[in-house]
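A, B, C and D are the chain letters, set down in written order, and residue numbers restart from 1 in every chain.
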Amino acid sequence: MAKEYSFYPGCSSERRASASNYMVSVESMCDTLDIKLNEIPDWNCCGASIGYAEGGELPRHVMNARNMALSEEASPGQDIIATCAACWLGTKETSERLRGSDALMADTNEALKEAGLQVKADQEVRHMVEALIEDLGYDELAKPVTKPLEGIKIAGYVGCQTNRPFGIVGESFENPKYLDKLVETVGAEPVEAYDQKVTCCGGALAFSEPDKSQVLIKKIIESAYDHGAEMIVTPCPVCQLNVEVYQGMINKKYNTKFNIPVMYYSQLMAVAYGSSAKEAGLNGNVVRSKKLEEIAAK
Amino acid sequence: MRDKNAETMQKYHNDFLREVEANVEEGDWVHMCMQCGVCAGSCPLGDAWEHSPQKIFMMIRAGKREEVLTSDSMWMCTSCYNCIVRCPRELPITHIMHGLANYAHRLGIAPKMNPTRRFAKLFWNNIVKTGRVNELKLSISLYFMDGFTNGVKTSLEMTGMGLGMLKTGRLDAMGLLRSHGIKDKSGLHKALKKAREIEDARKGLS
Amino acid sequence: MSDEKKTAAYICKGCGLGDRLDCTELTTIAEKEGKAEIVREHEFLCNADGVAMIQKDIDEGANRIIINACSRRAKTEAFNFENVAMTRANLREGVIWSQPDTDDARETTQEMAADYVRMACAEIKFMSIPEENPEHGSNKRLLVVGGGISGMTSAIEAARAGYEVILVEKTGTLGGMAAQLYKRVPDHEDYADPQDTGVPEMIAEIGADGLITVKLDSTITRTSGAPGQFSVDITKESGVTETENVGAIIQASGFTNYDANNLPHLGYGKSPDVVDQAGLEALARAADGGAIKRPSDGKEVTSVAFIQCAGQRSSKKGELSYCSGHCCNTSIKQAMYFKDANPDVDATIIYTDLRTPGNGEDFYRSAQKKRVIFTKGEVSEVTTSGDELEVKFNDLILNEDTAMNADLVVLATGQVPNSGVNIEAATPVSVDEVEAAAEADESRINTEVDTGTVQEVSVLNLTYRQGKDLPHLRHGFSDSHFICFPYETRRTGIYTTGPVRRPMDIAQAKEDATGAALKAIQAIENSSLGRAAHPRSGDLSYPDFRKENCTQCKRCTVECPFGAIDETEDGYPLFNESRCRRCGTCMGACPVRIISFANYSVDTVGAQLKAVDMPDEFDEKPRMLVLACENDAYPAIDMAGMNGKRYSPYVRIVPVRCLGSVNTIWISDAMNSGYDMVMLMGCKHGDDYQCHFVKGSELANIRMSKIGDTLQTLNLEPERVVDYEVAITDIDRIPQLINDAAEIIENIGMNPFKGF
Amino acid sequence: MTDIVATNETILVVGGGISGMTAAIEAAECGKDVILVEKAPSLGGRVSQLYKYFPKLCFPTCGLEINQRRMKANKNLHILTLSEVTNIAGDSGNFTATVKTAPRYVNENCTACGACGDAVTAEVDNPFNYNLDKIKAAYLPHNMAHPQRYVIDPSIIGTDEAEKAKTACKYDAIDLDMQETTMDLNVGAIVWATGWKPYDAAKIQPYGYDRFDNVITSVEFERMMDAFGPTGGKLLRPSDGKEAKNIAFIQCAGSRDRNHLTHCSRICCMASLKQTTYLTEQYGDDEEAKASIYYIDIRAIDRFEDFYQKVQDDPKVSFIKSKVANITLDEESGNPVLHGVDTEGYHRYSNPHDLVVLAIGMTPNVDISEIASGVSTDSSGFIQVNVDNGGIFAAGCASNALDVNRSVQSATAATLHSIQVVNKVSAAEA
């Protein structure tokens, strides 16, 4: 039976934005899995992890509450799914705070009234990975695999925000295993000893504090190499961006030779499900994965 | 608002703590810290902090108002949430750090040149304008944050990266020109304006 | 009971004994040498059939039973016969399991077994069947000394079990320190707020309980007697004295607050606004939930600082080195007095380690919720500035010297036990020490005393030979075995409870006092049956003494670890059997060997060691005698056997009740009999003593240090007698010590007395 | 087995650790009829698995020997091992307790001669050593096991191994047809002394107990010191058997933590202080031997402060005021690396150690609400002692996180409470 969700794609997923290839692969993946995503009409930015400084508390919540209100109107009764870690976290945080505080709910609705909206916070806010694992399960996700990604060693880089503070049910904050399991599900080989799976990549501070952040990114990549990974997989657009695009700069600075593809889980799944390189958004990666492209071309 | 810096903060009395509780997001958790230091050890940019979260909480309790609010420590928060999930007292440390940064920023005493503070401001203004992030505009304004010359330098440094993004279709070269954002910009603006008013009133910041 | 002895010996052939040993020879030995009237072999002595066989013999008159089988620690449920004297030769753990099963070893293994059979037969000849102490008393009333929380609890709990109680309190009211409190630290979920002390309810219950007699304004001016038959003088402030008889005593004499006047650097005595925790309770009671006012000018306190560990956990002279345990929670509670009355009062607690164990953690969190400020810091000084106090301290987190102002400063000072006179501070523990001290012209001073804190007023005024009060262990707290058997004091039938035992809070004191009441009731029940108390619980044997041979040397009266022996006016020992713990230290101390137990005496052991078939000098078969503490060394040797650890076949092991019972005559007998070495194995002594009879192993050690002279007069090497501290876990070490002894003998040669 | 006679003047003690043994003996020595029920095949509980006690550094088996002698000498006391109380019905003075007894497959004929153990080759996890090693499937639980009687592990029942054991026994002590039995006991009062268990260390994810071999718990560390433990009394770390000399002790592992146990487990500071002395015992003055205690507050209350001061004077031991943030593995050396900040003055560290010992928290062993109704527990699951639990009295660590001394104290108090009930019964019937 088709699964149907209210969908919050987030800014980075827009066409010609930094995670547009993520979106492409998600669409392919969902097609295969018969998942219907109902995009929230006229959604706005979540405020991201950096919005607090200028935005403060209530405005930030109002940003998210507006999306929630729009979703409640357009797709009542459906869970809200986000693909971006920050979008998910920001919206979920707002949802929980609103549910926990009548005062905040009142303030928020007072502000939203200006836009002609009202929020109830009655929809669950979930990350795409949660929906895949909890609503379908690994067995179900394995069924459509037609081109198993045999022999590819992949380090599952979970990062922070899909993992903390909420995380995926049943997973530990320090050693989540769901990416390893997804890697297994698509027939590839998880690098289970990879020990930087929850190290922070610097997040938004990759922009404002590049030197400090790159130290972290270097660690993340180095460990993947050290443990024999050929590829890194991640569920988060910021992680993907930071770990992929700074490799050149880090190479220059530290005289390293990093050149490791950083993929989204959805890209692996799309390829394994038989999508073309383009449908899997493989052309969107700065560091290309030949192996995946070869499999996709088969 | 009152100029609290001019007042003598009574050391180890609750004056500053009360101010933080009233005005800082999740500030009413500060008194629950038991100084175990797990947050300090958990922070990925811990090396870069002059004062760890736990120490900041102690400083708040010791009444060190100026030192806390002018500190750039909380601006080092990457929002990784390690501290939150490990804190044995379940303090929402990430949010308190954000709250303190925001409060210092709103008071105008946050470190002026802190890059994260400036980036955050650019970012917020960027998203509020159209309701969605314009990544190119954001990057460019970030590069030119420290003036034109530095900006050119930074953008040159970043060229390799930008080109890669362009080539893969993940950066919109026309983004400066293309119309962008949500339809109901005005509704969003009005709601945010209202939200700001409510919050300022609550915190005595207007 | 008829005292006609009829000896029956049983030789078990199970567990490999039949295969490894020549049991026919053992039977012959028991018959011929041991003169046992009945000797029977059995394939499986501990099974129902074997046991029935023995019981049948007993039913037909056998009353001295020798079980030649496994260790006395094994199959106790099978070999459990009434109205007989029994001994057990340890042929399994002690012989076949400790010796290799080889042809070479067969001869020496058999010799071991044969000797153990001889020893058992020799021992039983001197054993009689213990009968209950005829001098026992059976007064079932309890005396509780001290009417604070601990004493009231003991009284209430004992009465609830149906026992009569006399509760003596030195002041005019019950309640003690707890009655001075405004509220107490919570003792139940959700551990969030101070709760009522419960003192008035307890006083009411005591008043309404017909089993409890309260004597206020009274102290104990004399205590004599023994469990089941104490006689106590209770003297009123007016001087009127009544004498009461009781069966057991609970000492709940509580604590005194440490004198904060010793802490002028913390401002005490300099400003009335520096108070101790007791002082704060008084202020809180005066405020009764309203604003607390400071003493100097009656101003409502707006800021208060608590200084933890004031005069405690300190190495400074005159201060307490220990932690009083309750004070962190108490300060938290007191900070809540302020916060609950007015959340705007600033309350800061300056601590180095916040010690709120167990659910105290909930209380700590609750205080934080109430915005009590906790600061890890070391306070150096409290000074006065204007009408405010300034607390100078080093903030250990912020790593800086700093200061804060407060209207009121509370010092968390400690508890000093009201434990009476420190009877051991200047009293030697052994007669040998008396002599040594006389030679060195100095008396043994207990260096652990915290000067200035010891209470020198006797609580019990015991008429005991060894002093007026119970011995202290450390810091003036009463001695007990502390970990496994915390209630066991060194005065049988007298139990200490509450902060006199260790610092404690109300919740712990109530629990402790309930336990003490149980122990007191137990002492009453045991003494009324003429039985021993812990650790030889139920033992009916007691020391018997032949006055006519006594030389009035006082060794037994000085050395008894439990102060059981008084002295008559003419200097003879006066045994109080009900106070006796049956360790045999008196027996070991007696130079003329006139103290014995029905089933344990100088003869029972002496006969054993002399029964051994001593090879002559040229046999190259030395003999070592081990006198092993039956609680630790002996089980360790058993377990060595169980685990197949091998040790020399030349050793003969005799369990003793305690090394304190080892009489030096055994050593000379052993030497005269031709043993090449004697090894004493007992428990660790000293501050962290492990001896269950407290002083036994220490006394043995002192006695053995003197034995060198004796050996010298015999022209024997001092190495021939050694004294080891061993533990029950020395399963590898003891076999090693035994094997080492064989080597020592090789070096120093055989005992020249062999064959004489 | 002798028939158990129980009446409403009988006291039932549930749990045969130090608290239950104490309660049972103390009551029996007051002349009361006592039934002691223990789940394991022998008495002694967790203390029998400790190497030493603090603060005297004496051996738990020493007190155990005394207690066992007291039990052997007392005819009022009946012991049921391999037994659990599964249900309690009725009221104070008249309870019906359902006792389920698992088969030992060995009867009272057993002489502990060891022939069955020699005959059997199958091995099973050794619970006495926290499953860190194996034991023969026909075994004596440990050297001091009381009753001193072998056990056949159920896993070999129905196999040749069991038959081998049976054949080896000359005394008809092995009964492979033994079945689980259930009986109802009428008793007057109940002392509940089911004790504690270590908090599940794997749940403390930042410390990687489930990921790093060289991160162990304090209870496991105790077993390593025992000559009969999994490492034969040496401090050999699990990953490579190397001698562990530079050892970290992490306090509050699970305790004082709203993500785990909210209470302070009271004993852990003292346990770690005690365990630092094991280094001196093993390595003497070897300068490589180092103990680092990572702590929030050192809770060495009352007379234990002496011990703390003594350990502080040991140059081998250092104290770091810090809750360790997380542990990573140095793959080359196998060393766990501890990351965190010493909050006394803010010093960041990344310290490698040979071995990490988690001072693991205490949590109640049994949830009594599944067995008896109306017994009040606190938020940590401990039975509250200061409320009316109607004839059921908690003793020892069933009532709180307690050390041995406090457990004995608690058990002795619980004993009197149970005696009050049965004395009332007997007074009413007299």
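Keep in mind that, in the parts below, contacts are C-beta pairs under 8 Å (C-beta built on N, C-alpha and C of every residue); 3 or more make two chains touch, one makes a residue touch a chain.
As the structure is a prediction and not an experimental result, all values here were calculated from the model.
Relative to the centroid of every protein C-alpha atom shown, the closest chain centre, again from C-alpha atoms, is found for D. Between chain A and chain B, the centres computed from C-alpha atoms are 23 Å apart. The distance from the centre of chain B to the centre of chain D, each centre being the mean of the chain's C-alpha atoms, comes to 50 Å.
Per-chain CA centroids place chain B at a distance of 64 Å from chain C. Shared contact sites, meaning residues of chain C that touch two or more other chains, fall at 354, 365, 376, 397.
The multi-chain contact residues of chain D, meaning those touching 2 or more other chains, are 206, 256, 321, 326, 343, 346. In chain A, the positions touching at least two other chains are 173. Contact between chains, using the touch rule, shows up for A-B, A-D, B-C, B-D, C-D. By the touch criterion stated above, chain D contacts chain A in their complex at residues 205-206, 208, 210-211, 326, 328-329, 331.
On the chain A side of its complex with chain B, the touching residues are 11-12, 14-21, 42-45, 47-59, 61-63, 66, 107-108, 110-117, 160-161, 164-165, 167, 173, 199-200, 202-205, 207-209, 212-213, 216, 245-246, 248-249, 283-286. Taken in their complex, chain A has these residues touching chain D: 172-175, 193, 195.
On chain B, the positions that touch chain C within their shared complex are 10-14, 17, 31-32, 34-35, 54-55, 58-59, 61-62, 89. Interface residues of chain C, counted against chain B in their complex, comprise 303, 305, 344, 346, 348, 354, 364-365, 368-369, 371, 373-376, 395, 397-398, 402-405.
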